[in-house]
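One structure follows; several queries about it will come next.
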Amino acid sequence: MNVQRREALKAGGGLGLFGLLAAAGLITPEQARAEWNKSAFDAKTIEETLKGLGAGKPESSTEIQLTAPDIAENGAVVPVGVVSTLAGVEAIAILVEKNPNPLAASFTLPPGTEAFVQTRVKMGQTSDVYALVKVGGKFLMTKKEIKVTLGGCGG
Amino acid sequence: MKKPLFAASLALASFGAHAAGNDISAQAEEIFRSSFRSDNPKYWMTRLDQDDAMRLCSQYKDNPPPKVRVQIEKAQRATIRYPVDGKLIGDWKEGEKLAAVGTGGHIGFIQPDPPGRLRGGNCYACHQLAAKEVAYGTIGPSLQHFGKLRGNSDEIIKYAYDKIYNSNTFNACTNMPRFGLHNWLTPEQITHIVAFLVDPESPVNKD
Amino acid sequence: MADPMKIRASAKEGITEVKVLMSHEMETGQRKDSSGNLVPAHFITEVSAEHNGKQVLAAQFGTAISKNPYLAFKFKGGAKGDKLAVSWVDSKGDKRTDEVLIG
Amino acid sequence: MRTGLHAVLAAVVLGIGGSALAQGSTMDEITKYREMLADGNPAELLEMKGEELWKKPRGPKNVSLEQCDMGLGPGKLDGAYAQLPRYFADTKKVMDAESRLVHCMVTQQGFSEAEATRNWFSKPGRNSDIESLITYIGGKSNGAKIDVPARHPEEARMAKVGEYIFYRRSGPQDFSCAICHGQEGKRIRLQDLGNLTTRAGAGTAMGNWPSYRVSQGTVWTMQRRLIDCMRQARWPEPNYLADSIIALEVFLQKTASGTVMQTPGIKR
């Protein structure tokens, strides 16, 4: 790791990661994103979350695919991926409707990054999971239900 | 629930002396017993005690010869107790809850149950029951449509009650726990599970 | 200090695929400890990946991302031997950057 | 089938195949779930950490574990885990990977046994060096054949003790290991249960540990796995590194011998 960056990171304090990277000259100020989107992550319903993300009422689209199993063997780790065939996807978000805070993650994709992300989320119970995609300033979505099942030995 | 779960089985009348196994069993039992902390509460350690059925089943790797089998089944039948009011069929909704609960009864220092942890029958661990529960095990037979297929005659109800209370009555050394014998479930709770199995309104028979 | 990440980055037919495992507890703030007290939330909030210094992904995480987070993504370009760096920062200000060469 | 009524009931039961189709797709989805997790196993994080701990001078004597003899000679780790437990002449005991590792931490690094085993498993906010080290040591046998023939008289004795414990029933649920792990093709809820009395079944079970448990958020060692089986049987917990656990391991590894290890694994 580059020494200069290490120092910059150490000195970072309250700047936020992307502010920091900008300060270290690693990314341009345009690339430095907003601070962590507290209002969206703290939201308790899908509607509030969409509002927090500035997504309004997204239309559903068949050009977005949510890759996840229909059934999760355990809710602590549920693999979820989002892929889209749409060109110019700018952002992707993953929402779990019945979690205390639906928003699990949001991704900003600079030009050149494919509309493809995979991660793993926690699910407290069986729920609809939403994949939200921003393309050309417009929001689209798809959703699917993932069943969370119990194990046998009784915890 | 501080009462030893095991009280009932310890009180069982003994038949037959300690299994006369091969050389290794006495030594193995000693090694097993010495694996536990000496400061474990006494009632924890009673869970390592074996009644005659356990000892014989262990000795014969759960496949006892016919004579021993009959002996076990007869002795186990004598342990069954019924609710005071004699009613063997309860509330299927309560039974449905009990069938799904797999928690309870854990002891030890690493991950004991938190206070007030529910204890259930954990039926789905081994049996298919209501169609809507897809996460069921297959150690035991499917019990879906139990009542639909068998009706709810007194005979069937008593069979279901007895089987849950002491499974070894019908099948010595079966995998199924003896829920009533060990006070794991109360007679009343067993009647609820019986209702879950036989009541025509229960999701076991509806869907 | 935070434990290192495990990063795999491989270039194939003009596309680089990146897979990252981060070592982090990802406490939700809703779990109770053995004495019944809530354990405060502590989770990775932001992740950034750069290819030769140019950002190729920015992510924001909430508490619902699983313990020891996994993240995979793809970008156009990238050649064997290029640098790929991933950084994260968490809700307590802890941070970590690791770098690999694209293989 | 000891009574007439029971025979009738059993026959009815066998006739039920109603939702076999639906269940097929359930298991397909569970398979998909497991496949999606297999790529990017967080156990790799512990493996990295374990390697660092293995090579780093530590303890009162400030030496690394690189001269530790896991059974194939000092520092020889490749394939060592797959041949454990085994009899060690220097201690005159049958030891598994964990008891041997602790032995090295005590004799070579100078830790007391209490210090070495204090954090034998992790909890949120408390790391376990043993977990990381065993993940690393286990990983060094990935692809190796399990080979525990138990020919030494002490190993043979432990295998017999293990077999006894495997079938030993007690507790408020009448459990033994064999109840869940003595038959072919069974599941508890949706988790497949290996038949540990067969080579293939024991191989699948033994060859995947150490394994990352997604429900626990960490790697479980074989000691942890077996001690927790006993907890789930509603028994008290055996002590860490107890002979009864090592005996079970000898019995299971002997049965599994000839199968190939795929570790670290990832499980529910």
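For this structure, a couple of remarks:
As written, the chains take the letters A, B, C and D, and residue 1 is the first residue of each chain.
The criterion applied here is as follows: a residue touches a chain if its C-beta (ideal position, glycine included) is under 8 Å from a C-beta of that chain, and two chains touch if they have at least 3 such contacts.
If you're wondering where the values come from, they're calculated on a predicted model, not measured in any experiment.
The chain pair with the larger count of C-beta pairs in contact, out of C-D and A-B, is C-D. Our note on geometry: subunit B versus subunit D, Cα centroid distance of 27 Å, whole angstroms. Subunit B has its Cα centroid 46 Å from the Cα centroid of subunit A.
Centre to centre, using the average C-alpha position, subunit A and subunit C are separated by 13 Å. Shared contact sites, meaning residues of subunit B that touch two or more other chains, fall at 105-106, 124-125, 134-135, 137. Residues of subunit C found to touch two or more other chains are 66-67, 70, 72. The residues of subunit D that reach two or more other chains are 26, 187-191, 214, 217, 232, listed in rising order. Contact annotation for chain pairs lists A-B, A-C, A-D, B-D, C-D, with touch applied as defined. Residues of subunit B touching subunit D in their complex: 5-6, 24-25, 27-29, 31-32, 34-37, 40, 44-45, 47-50, 53-54, 57-58, 61-62, 69-70, 73, 105-111, 124-126, 128, 131, 134-139, 141-145, 149-150, 155, 159, 170-172, 175-178, 182-184.
Residues 1-3, 5-6, 9-10, 12-14, 16, 18-19, 22-23, 26, 121, 157, 160-161, 164-165, 167-176, 178-180, 182-183, 185-191, 193, 227-228, 231-232, 234-239, 242-245, 247 of subunit D are the ones touching subunit B in the complex.
Of all residues in subunit B, those touching subunit A in their complex are 100, 102-106, 122, 124-125, 134-135, 137. Across the interface of their complex, subunit C is touched by residues 39-40, 42, 44-45, 48-49, 124-125, 214, 217 of subunit D.
The touching residues of subunit C, when paired with subunit A in their complex, are 15, 28, 30, 45-48, 50, 53-67, 69-77, 85, 87-89, 93, 95, 97-99.
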